[in-house]
């Protein structure tokens, strides 16, 4: 210890190995992604220039085919997140700041269980339980509020509409969003909560001043993950949604837009030749859409980075 | 505006651990009361019971009564939020809201009550509070920067500014100057002196000089040993405590030549 | 064991903001040096550059040289980890590891480095460090309880115990006593006195009495105004600084009747 | 200080005199809730008179919906704006939780009632080899799910965790930003595309049409990695810097600080994130159908031959029902129940791990 | 526990190996039944059939990743001309065998109605959305005894690309060309009506909805109401015999190689007792395999499928229609030509 040269770096193998493997892991992501991207792009290029001659599923050209699907994908995910974000923040707050402490972890566990439900089962549940249960409500909405554009008729006889698909998606993304929000909320420094309470804040005001700002980036991360899942969910949507590929905002009719992922699942088994390329190309588009949304979310987070809670 | 505080036979528990036992005292309105005593004797714990902040700590609970102008804080239907609005608090460790700017931090409490405060009122209040906490000059050019980018002492003064901005009637301060330099300390002490005209102030301090400088009355807490509860040993006029205490333990404690 | 520290024309930046400018000083081995100065003048910032802890803060960087026994800390091939093993640090805000018990916290420096240590050695080191930080009696019955369950002062002493357990050669203390009661403060001061026989100690304090009691030399930092960098105004024997400073600003600062 | 800016002047209720001023009595919310549900019941009671069946669910939902504005209104009148807001949010937050419980309970009831029909010994000790119609079991699919998901976890947890560590602890500058960007892109890979990718990848190396368990694992890993990275990153960022500083100041190298201070402090969140990631992929159907294929027989070898998994089993049993259809549906539900139980068990283990390491915050 | 690890002593089979097929999901239940029967007789054999869809099945077979394919349609002429079947010897023809014949039932869910007699034009009108009420005169005309409610009709079709849809729309286009002007296609040709994934999805949607009508593999009709289709002057309900009869009444496609038994279904046949809404699904193999390793397995397996036991097993497990003996002769000849 006492030799004066001691502070000269002997190479620190632990640090090198550790940071090396961290960089390696990061690069693995790069490699994987490059591979996926190459795969997608190579397979997609022919599709971009195909027309209905080359690929029987194309109405005219590729963009006319994928346009409505992009709309449906974004629309379904939007509906899902509109429902899921407030509810999951609510649940997370309930567990972290409202429920009695002993109960809280049990409740958290229960909500996590929703994550355990495979998407096929959500599909089965959506068809067999949810859709029949909401159909009367849809009828009522169309009869009484049909003037409101979203609720225009005619009502679906089975309840398997885009709104139902949105509900199923919302339920599917709830657990992951709730879990992340909850963990973040629980980490709010007690000091800051106390600071708010000592100013005479009610519980809600304390949450508004200390918990939510602290958890902001966590909430956005959670939403992005939820969004990713909602955009890409395949089986549940394919099973639940009565998809006809229309472009419409109406929520309660039989005629609904399809989503890219569901459309791949629906069309892939019978696809051959160029149709396969077309479907993979729609996958590439989904990729791009998801990324665009993510980039937007990142941008929001980074705007006020220096105000982050970790300081 | 100021309030009289009366504490009757108060016990504070952390779950099963009795941290403070049998404290009874009366705090006059418009006075400064200092709590002194060795580390771990329960000064902070007791202070928190004066505005029910201990309830934030899981398992912490209280037996006994705390009367503020005759109303028992611990009556069944008392709203702790109302209590805390009247009894403000400054903590041992500075805790500005990291996601807010300096300005937002100061106005945080005010915005809760009156979200539509006019810009000019807000600016006025901001300046007044920051000046009161002797921070105005240092931060006036960066009011929109995050509050967490300040030095420790600056952060503590920011918290004081935040607490006085809501003009509570009683202010509890848990070692507010322990992170401050002498200039800021003096400013805070002056501020306490000034606020005393209107408010009731309770301050925890390890600094005997400070206690003797700013307080009218001093309460000395002690602890018999580890695992034992803290007790109020002596409560009297500050001059009496420092010059002529009636209990030996008090004399031993205050006579040390400490900072 | 102790080291001589030589600082040559040091500037410290937070990104583009120059926080400390042009500091040069020499710290003798086996001495206690106190840094005093108003809040925000860069004492903590400068202190951190003595063991490269500023590097942890994104954007913080240094120009100039810090020589420890003639070796420049900022040479290209110097390992900051080795620097920090020789130059320990106690922070302004107590920061025990929340996942660890009191015992594990004290032994953290040893255990975290994967060093093997026999149980009896560990127990001995534990007791010695805790006694050194004047905490042994309070916690000896609950060594396996979490370190974050202690009072503020207890936590700070725990951090001191943790720092001295690795027996560094230089110890930097950033307001180590600001959260402590007089008894603990005295104990820490005695500890500093004792450690001085072997170690080089640098301490930041707001407490003039403390500076004058424990230090051999005192450095006074000041800041010309907000947004300006902090400067070393005067560096001299403590007695000189407090009785007969050569700069007016120093005199103004130390002559205040502050705690 | 002076009264001019005293904010309390604007509150509706003077609080100077009493700390209890203007509070709703403690049982008031319950009374209001009861009344609201009563009104809901009355509405549906009238409908019931009109011939419909009395709808309990509807009554309670309408009651709950009525409660939220009522409590706000009462509190507004008696307790003032801030309290009213607080009560409203409490009602909403609790409502959100109750709302989330509805699908959960409904799903649980559905899966358990249908799933129990075939939740028998045969289901767990036999495969579907040579089985048509009734009988048979899902052992091959259970084994397949465990192997495939296990391998996916083995691939993605180290990569994901190390990447998040890189991003939080090491990453500065362009590479880190690039990786963050890529992880974002990766969350956008639809599951079916992951399946196609893995299938194509293995076709290149092992000949066309190769379907193996490991191909399924790779597909799942592609889906799992970004979830692990994102959730772990979030948790690591929450570890206060002062703890890292404390360790550095003790001369602890960075990697040991990460391993011994940062990770243990955030272990609870990380394990939660990892279990969620596992749960996220363990139920994937489409990619496994494409990459791992389908078989009715046992296969313990990840690297050779098709491998069934529970979700694929559920899906094929549902989609391609033979005679009698009930036998297929019962197997599908029993497999779904099994899958949920497996994830429950994983969750439980993760929680125990988390509890064991969790920071012991005393204060 | 039911893994055939060791061969039972009484088994005389010497066959062993692993056979992979992929394709139409419509055949899946039948394939599982055939596989079970064949593996029981030959314990050392493992056959996997991926119900990945006809298109995927044909692609898989084309690129040589499976030994045989299942498909709801035969390869068309261009595909055959393009060739490139990787498993087959160069210049080999392929063998396409109509081994799975299944009636498509038109199913509906209307309270109090179990069967309806409908002509092709009415069915087409319902699915095209021009007939929207259950008490429409067109329906009432052929069902004088039924009590038809004043209820909206919700037609349910497949949302996925499917052979069932292709056969159903082909029937509609052939039998009611005035009403159904769309080309036959696996994808539902227009926006409108309710869509559901897979046969199970359609059955669920019809079952869970009210006033719904759809089409599905007849084995899945269950308790739902079914339509008797007008053929000539009579109304024929679906039955295996009626389904097999239409196949026998239809010619093979022309210009095909020997062993390529693609059938051109005569949807407008008016022969007595034929049910024209059927799906014929093929098993497809190489005429000559490039490697002879699995040839014996393939021929044995196909022979088993074509045998009366095989056909009866599928009829029991999957509700398909056993092939007639005349068709079996031609199929057996084709199987024997495989080398």
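Think of it as A, B, C, D and E in the order they're written, each chain with its own count starting at 1.
In this text, a contact is a pair of C-beta atoms (placed from the backbone, for glycine too) under 8 Å apart; a residue touches a chain by one contact, two chains touch by 3 or more.
Only a predicted model underlies this, so the values are computations on that prediction, with no experimental measurement involved.
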Least hop count linking chain B to chain E through chains in contact: 2
Far-end chain from chain C, centres as C-alpha averages: E
Distance between chain centroids, defined by C-alpha means - chain A, chain E (Å): 38
Distance between chain centroids, defined by C-alpha means - chain A, chain B (Å): 46
Whole-Å gap between the CA centroids of chain B and chain D: 43
Multi-partner residues of chain C (each touching 2 or more other chains): 81-83, 85-86, 93, 150
Numbers and ranges of chain A residues touching at least 2 other chains: 12, 15, 128, 189-190, 202, 205, 265, 268, 308-311
Where chain D touches two or more other chains at once, by residue number: 82-83, 86, 240-241, 253-254, 256, 290, 318, 361, 363
Contact set on chain B toward chain D in their complex: 1, 57, 68, 71, 73, 75-79, 81-83, 85-86, 110, 112-114, 117, 121, 124-125, 128, 132, 164, 166-167, 195, 198
Chain D partner contacts - residues on chain C that touch it in the complex: 51, 53, 56, 58, 80-86, 88-91, 93, 95-99, 101, 108-109, 111-114, 145-146, 148-150, 159, 162-163, 166, 168
Chain D to chain B touching residues, read off their complex: 1-3, 5-8, 10-11, 15, 18-21, 23, 25-26, 82-83, 86, 363
Residue ranges of chain C in contact with chain B within the complex: 37-40, 44, 92-93, 137-141, 150-154, 157, 175, 177-186, 206-210, 213, 226-227, 253, 256, 258-259
Residues of chain D defined as touching chain E within the complex: 122, 125-133, 136-137, 203, 207-211, 289-290, 293-298, 305-306, 316, 318-323, 325
